[in-house]
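Down below is the structure, laid out as C-alpha cells.
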Amino acid sequence: MAENLRVAVIGAGRMGADHIQRLHTRIHGADVAAVVDIDLERANAAVAHIPGAKAYASAAEAYESGDVNAVLIATPGFLHEVALLEALERDIPILCEKPLTPDAASAWKIVEAEQKLGHQRIQVGFMRRFDEGYRELGGMVRSGDLGELLMLHCRHRNPDTPAGFTNEMLINDSVVHEFDVIRYLTGEEITSVQVRLGKASSKAPSGQHDPQHVLIETTSGVLVDVEIFVNAQFGYQVLTEAAFEDGIVTIGGDSGPYVQRAGRWGGEVTPGFEARFGAAYDVEVQAWVDAALRGGIGGPSAWDGYATAACCEAGVEAQKSGEKVAVVLNEKPELYRAGAAAEAAK
Amino acid sequence: MAENLRVAVIGAGRMGADHIQRLHTRIHGADVAAVVDIDLERANAAVAHIPGAKAYASAAEAYESGDVNAVLIATPGFLHEVALLEALERDIPILCEKPLTPDAASAWKIVEAEQKLGHQRIQVGFMRRFDEGYRELGGMVRSGDLGELLMLHCRHRNPDTPAGFTNEMLINDSVVHEFDVIRYLTGEEITSVQVRLGKASSKAPSGQHDPQHVLIETTSGVLVDVEIFVNAQFGYQVLTEAAFEDGIVTIGGDSGPYVQRAGRWGGEVTPGFEARFGAAYDVEVQAWVDAALRGGIGGPSAWDGYATAACCEAGVEAQKSGEKVAVVLNEKPELYRAGAAAEAAK
Amino acid sequence: MAENLRVAVIGAGRMGADHIQRLHTRIHGADVAAVVDIDLERANAAVAHIPGAKAYASAAEAYESGDVNAVLIATPGFLHEVALLEALERDIPILCEKPLTPDAASAWKIVEAEQKLGHQRIQVGFMRRFDEGYRELGGMVRSGDLGELLMLHCRHRNPDTPAGFTNEMLINDSVVHEFDVIRYLTGEEITSVQVRLGKASSKAPSGQHDPQHVLIETTSGVLVDVEIFVNAQFGYQVLTEAAFEDGIVTIGGDSGPYVQRAGRWGGEVTPGFEARFGAAYDVEVQAWVDAALRGGIGGPSAWDGYATAACCEAGVEAQKSGEKVAVVLNEKPELYRAGAAAEAAK
Amino acid sequence: MAENLRVAVIGAGRMGADHIQRLHTRIHGADVAAVVDIDLERANAAVAHIPGAKAYASAAEAYESGDVNAVLIATPGFLHEVALLEALERDIPILCEKPLTPDAASAWKIVEAEQKLGHQRIQVGFMRRFDEGYRELGGMVRSGDLGELLMLHCRHRNPDTPAGFTNEMLINDSVVHEFDVIRYLTGEEITSVQVRLGKASSKAPSGQHDPQHVLIETTSGVLVDVEIFVNAQFGYQVLTEAAFEDGIVTIGGDSGPYVQRAGRWGGEVTPGFEARFGAAYDVEVQAWVDAALRGGIGGPSAWDGYATAACCEAGVEAQKSGEKVAVVLNEKPELYRAGAAAEAAK
C-alpha cells in the first residue's frame, strides 16, 4: 500500500496546532512526523499525544532526522521566506500558510527559487478556494450559465481584533483573502485598489480606522468592493455577492439551526474563521496530501502568493493616499501557466 | 358621487375599537355612524374623535336614529345570535366577527333566517382569507400547477393566553381559524377531527392542556395536522405548509428586517395577530364595504360560519374522548352554492 | 363629519392611473374630483367609472370648476414646474410625484415660491419613506440602539428598461430614490458623489452603460455605495444593508410563499416597483390626505425635492468625469427646518 | 505509530462502494484491506485502484487472509444476521449499515450474541446522529435551555423511489431513521406508532400509498408526527422541527448558494441523501475507526438496532390496521446501559 506523507509542521501556535490536530486525526495518507518550534516546550507539548512524532527546535534538525518528507509552514509570515527556501532546497512538498511572504519582492524571490527546481512544490494556504460556497460560485462563473460576471460585493467582518492589529493588517491579514478570492473567481489579475475611509466605529482601537471600503478592479473591468470591518461586534461573517448579467448569487449567508425564542427568529452567527472555514481547511490539507503523494500541488501556487502580495502593497499604499493605486506584476513565468493553474483551480 | 356606508359598530372592546379606527381612517366608502356598547361610557369614548358618529347603549337605538345603513358586530360571540337576527330583520349589510355563533345549532338558525330574506347579507370575519399568503396558497391549489394538494401542516402559536382561556377555547377561538382556512384552501368540507394530548408545557395555566395536536380530514382525504400551542412564549406564529404532488409550499414564515447582532442573525417574531393580520383586516373590511355598496357580501358566508361551528363542536368532543369524531352537516342550502361562494372565494 | 379632499389628478399615464385607482377605492377622506390630461380622451377614460369626477384638458379648467381643493401631480417631470407654480398660486395641498423638478435651479424656484406662501403645501412623492422596511431601519438609526450608522450598501435592480432610458436617467430616475433614502435614513445631507463604470452587461441597450457603482458620502462621513443595475434580467430588487457599530441590518430581502419544486427552493422575485412599493404608495397618499385635511404636509418637502435634484446633477457630472463631485446646496430656509421636517420624518 | 485499522468491507453495492471510497481517501487511521462480494467481479473492480486491498467472494476467506481486523457490513439487510454472527465470533470491531437486522426477533439474537462477548463490538450505521444539525438539536434538548421538548414534526421526502419500493419499505427503510432520531433526541424509547393514509399522490407507483402520516409517542409523552413522502418529485428533504416550552427549533432547512434568476429567488434542493448526509457518513466512520482503535464503539449500539427494529414492526402493523400499535421491548441488558450509551450519544 502507498506510503503515508511524513509531515513536519513548522510553528506550533494557533494555526500550527490546528493543522497538527487535523493531520493526526482526520487526514488520510499523512502523519505528523515532526513539530518544529523555536519554543521547544511548545513543540514537545504538541507531539505528546502523537505516537511517532518528534519535537525539534529547528527545521534543519527535523529534516536531518530522515523521518520527514513534506512540510507544512505555519509560522508568522515574516519567517516564511527562510523556511520556504530551506524546504525548496530539499525539494519536498510544501504547504505554506498565507501569506507566501509579507511583500512582493520577497515573494518574487520564492517564485524564482521554485522556478529553478523546474516543478511546483509550493501550495499556499488560501483555504477559501476549498470552501464549498466559493467552489460553487467559481463553477457558476466558469460555466457562463448566468452570463458574464460584472460585479462582486464582499463583506469581511470580524467581531474584534487582537491588540496591535494595525491598519496595514486590515489589508495584509484580512483583505488578502478577498484578493485571492477575486483572482480565483474571475480567473483574472487585479489591476487597481482604492480605499475609502469614512465614519469610523468607536469600537475600533486607537490608531485603527475601521471599517474601510476597498474598491478593486480586475483586468476585464469587474468592479469589486469590500467592506472590511474588523470590530463589527456581532460576530464573524465572510460573504460574497456576485452580480452576473442574468442573475445574482450570494454565498456565505448565515445558516445553522433556525430558532424562534424570546421574540426573535434566526440562529447563531458563526463566531470565527475556524467554524466558518474548518471544513475548507480539511479539504485543503487533504488536497495537498493527495497531490503531494502524486508529486504535485493541489491548490494556489507561489505565483498566487506573489500576486496577492503585490495587491496588498497597493492596498496599503491606497489606504494612505486615498487614491486609486495600480497593481503592477512581473510577467507570469511559464511554470505557473497551464497545468498547475488547472490543478489549483479544481 | 356614491353614498358612503354609514356603519354601526356593535361592541367597543378590543376588536370593535380596532374596526372603528379602521373604518374612520383607512377604509374608503364607509364612515362610522354609530358605536353601540352596553357600557355607554366606552361607546362615548370611542366616538369622541369621530365627527358625525354617535354613541348608543343598544343597537335598536342606533337603527332608530335613521343614520345607519350597515352593521359590524364585534361583541363577544355569545351575543352574536341576537344582534344578527336584529340586523337581518332590517335587511342591512352585516359584517360579523367570528364566530358566527358559538355552536352549530344557533348558527343554523341564522342560516335559516338569512334564507328567508332570499339573499346573503352576512359576511363572517374570517380575516385569514384576505391575508396575502393564504390567498396565494389558495390560488396555487386552484390552479393545479403543483398537482393535487395532499397534506397540510399548520402551526398556530401564541406567546400566552389571557386568564380563563380554557381547553375548549383552544378549539373555539384558535383552531376555528384553521378550520376555516382548511375549508377555504381545499374548497372541501371537513369530515373528522381527532385530538392528541401529549406532554404538556409547564407554562400552561392550570386546567389547560397545551400544546395539542389536532388531526383533521377533508372530503377527498386531505390529511391535516395542527399544532395548537397557546403558551409558546417566544411570540406569535401562524404558518401553513402544504404538500402537493409536485412540490411543497409554506406561507406565514418569519419576515421583516434581517439583523445580525450579539452573535445572532435573524429578526423579530410577530408579537400578535394585529401585526400578523392587520393588513388582512383592512382588506377584509374594504371588501365588505365594496360588496355592501353593491348589495352583496365580499367574503365568508353564514354557511361558512355554520360549518366551522360544527367543526368546533366535533373538536371539543374529540379533545375529551381522544377518538376521531365525525363532523356532520345539514345539507347546504341553495342560497350558499354558486354565486355567493364564488364571491367569497375571491 | 369632515369634508373629503376633492383631488384633481394631473396626468393620467401609468402613475396617474395608479393614483386615481388608489384615491377612488382605497384612500379614506379623499375623492377624485378631476382628472387632467392634455390627451382629453385619456382623461375621459380615467373618470368613466368614477361618479362625480370630471375630465379636463388643463389644470386651469379643473380649478375653475370650483370642485377641486387639492392636486396630485403625476405628469412627466419636465412639466412639474408649471403645474407646481399654478397650484401654489391657489394655495392648495399638493402631492407631486418625484422628481420635484428635473434640476436644482428650477427646484430652487419652487422652494422660493413656497416660501412666499409662508407655509408648506408641497409633499414630494418619495414613497420609500412610507415603506415598512425603510421606516423600521430609520427607526433603528434614530434610536441609536445599534450604535452609530457607518455604511450603507444599496442595490437597485430592474429587470430591464424602456426604450430610450439613458445613462442620465439611471441617476435621475433610479438613483434619485437612493439619494432620498440616504438623506432620510441618516438625517444628513449628501456631500459628494462618484460613479464607477466597469464591465457592462451585454443586455444593456446601446448608449447605456449598465451596471454602475455609485459612491456617496454624507456630512458625518457615512459611506454609501449603490449598485444600480437596470437590465438585471432576473427581476426587481431594492435592498439596503446598513452597517452599524454593533450590528448589521438588511431590509428589502426577498419574501413571499416559500416553494420547493423541481429541484429548487425559494420564491418569486418581485416583478416591479408596483408590487414592491404598492403598500407604501397607499400609506404615502393616505398620509398626504390626512395631513392636507389638517392643513399641512405628511411627507418629504420641497426642500427634499431640491436637495435630491442637486445630488442628481452631481451624479450625472460624476458619471461623465469619473471623479468625485461635491454636492453644493443653498442654505436651508427656515420654513423647512423644524416642524415640517419632524412631520416628514414620521 | 499506531497501527491502522485493516477493514473488510462486505458488500460492494452503492453503500459499500461509497464506504470503500471514504475509507480509502478521507478516513484517518483505517485502510481498506478487503472487499467481499458474492459477485467477485464487482469486488475486484472495487479494489482495482486500492493498493494493498484484495477481493474475496466470502467474508470467511477475507478473515482467513489474516490481513483483516475490522469489518464494515454494507450488504442488503436480510444478509446482516449471518455476517454479524460471523464477525462477533471473531470479536472484531463491526460497523453495520442500518438496519441491524430486518426484524426484532433476529435483532434480539444479535443482542444476545454480543452480550456473550461481554463487551460491545457492534456500531449500527444510523448516520443522522453524526449530522451537525441533529447533534446541535440533541444538545439543545439535553441542555434544557429551551425548557422541555414537547413535540417533533418530521419531514422525510424523497424525489421518487426505485422500482419495487413497497409500503413496508416506507417504514423499514425510511421512517426507521426517524425512529432512531426520535430515540436519540429524546433519550427515550418509543411507546406507540399510528399511521394515517389519506389522499395518495398519483405519482406513487401501483401498490404504494404515498404520502403517509406517521404518529409516534415516547415514554414521557412527546408527540411526534412524520410526513413520509417518497415520491415528492421536487427533491430530497429531511427536516425536523422541535417545539420546546420556550421556543421552536428547526434543523435540515434548505441551504447553499442564494440565487436570484429568471423571476425566482432561492437555491438548489439537495438531490439525495449522499449530498445531505455525506459529511455525516464521514464523521460516523471516523468516529467508529477512532473508537475501534481504542477497543470500543463510537455510535448507536446493537440495542439501538433492536429497538428500532421493534418500532418498524409496529409501524408496518399500524399501516395495515390504521390503529395505534404499542411498541413492546425486552428489558434492556446491562451491557447497553451506562458507558456505551454515553459514548454513543456523544
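A few points about this structure:
We just call them A, B, C and D in the order they show up, numbering each chain from 1.
Basically, contacts are C-beta pairs under 8 Å (C-beta built on N, C-alpha and C of every residue); 3 or more make two chains touch, one makes a residue touch a chain.
No experiment lies behind these values; they were computed from the predicted model shown.
Taking the mean of C-alpha positions as each chain's centre, the chain lying farthest from the centre of chain B is A. Two chain pairs, C-D and B-D, are compared here, and B-D has more C-beta pairs in contact (counted per touch definition above).
We define each chain's centre as the mean of its Cα atoms; on that basis chain B and chain C are separated by 37 Å. Spacing of chain B relative to chain D, judged by their CA centroids, is 45 angstrom. Distance between chain centres (mean CA atoms), chain C to chain D: 58 Å. Residue positions of chain A touching 2 or more other chains: 233-234, 237, 246-248, 259-262. Residues of chain B touching chain D in their complex: 147-151, 153, 157, 196, 198-203, 211, 213, 215, 217, 220-223, 225, 227, 229, 232-234, 237, 243, 245-248.
Interface of chain A with chain D (complex): residues 1-2, 24-29, 31, 51-53, 133, 136-137, 140, 146, 246-251, 253, 255-262, 279, 286, 290. By the touch rule above, chain A contacts chain B in their complex via residues 233-235, 237, 254, 259-269, 271.
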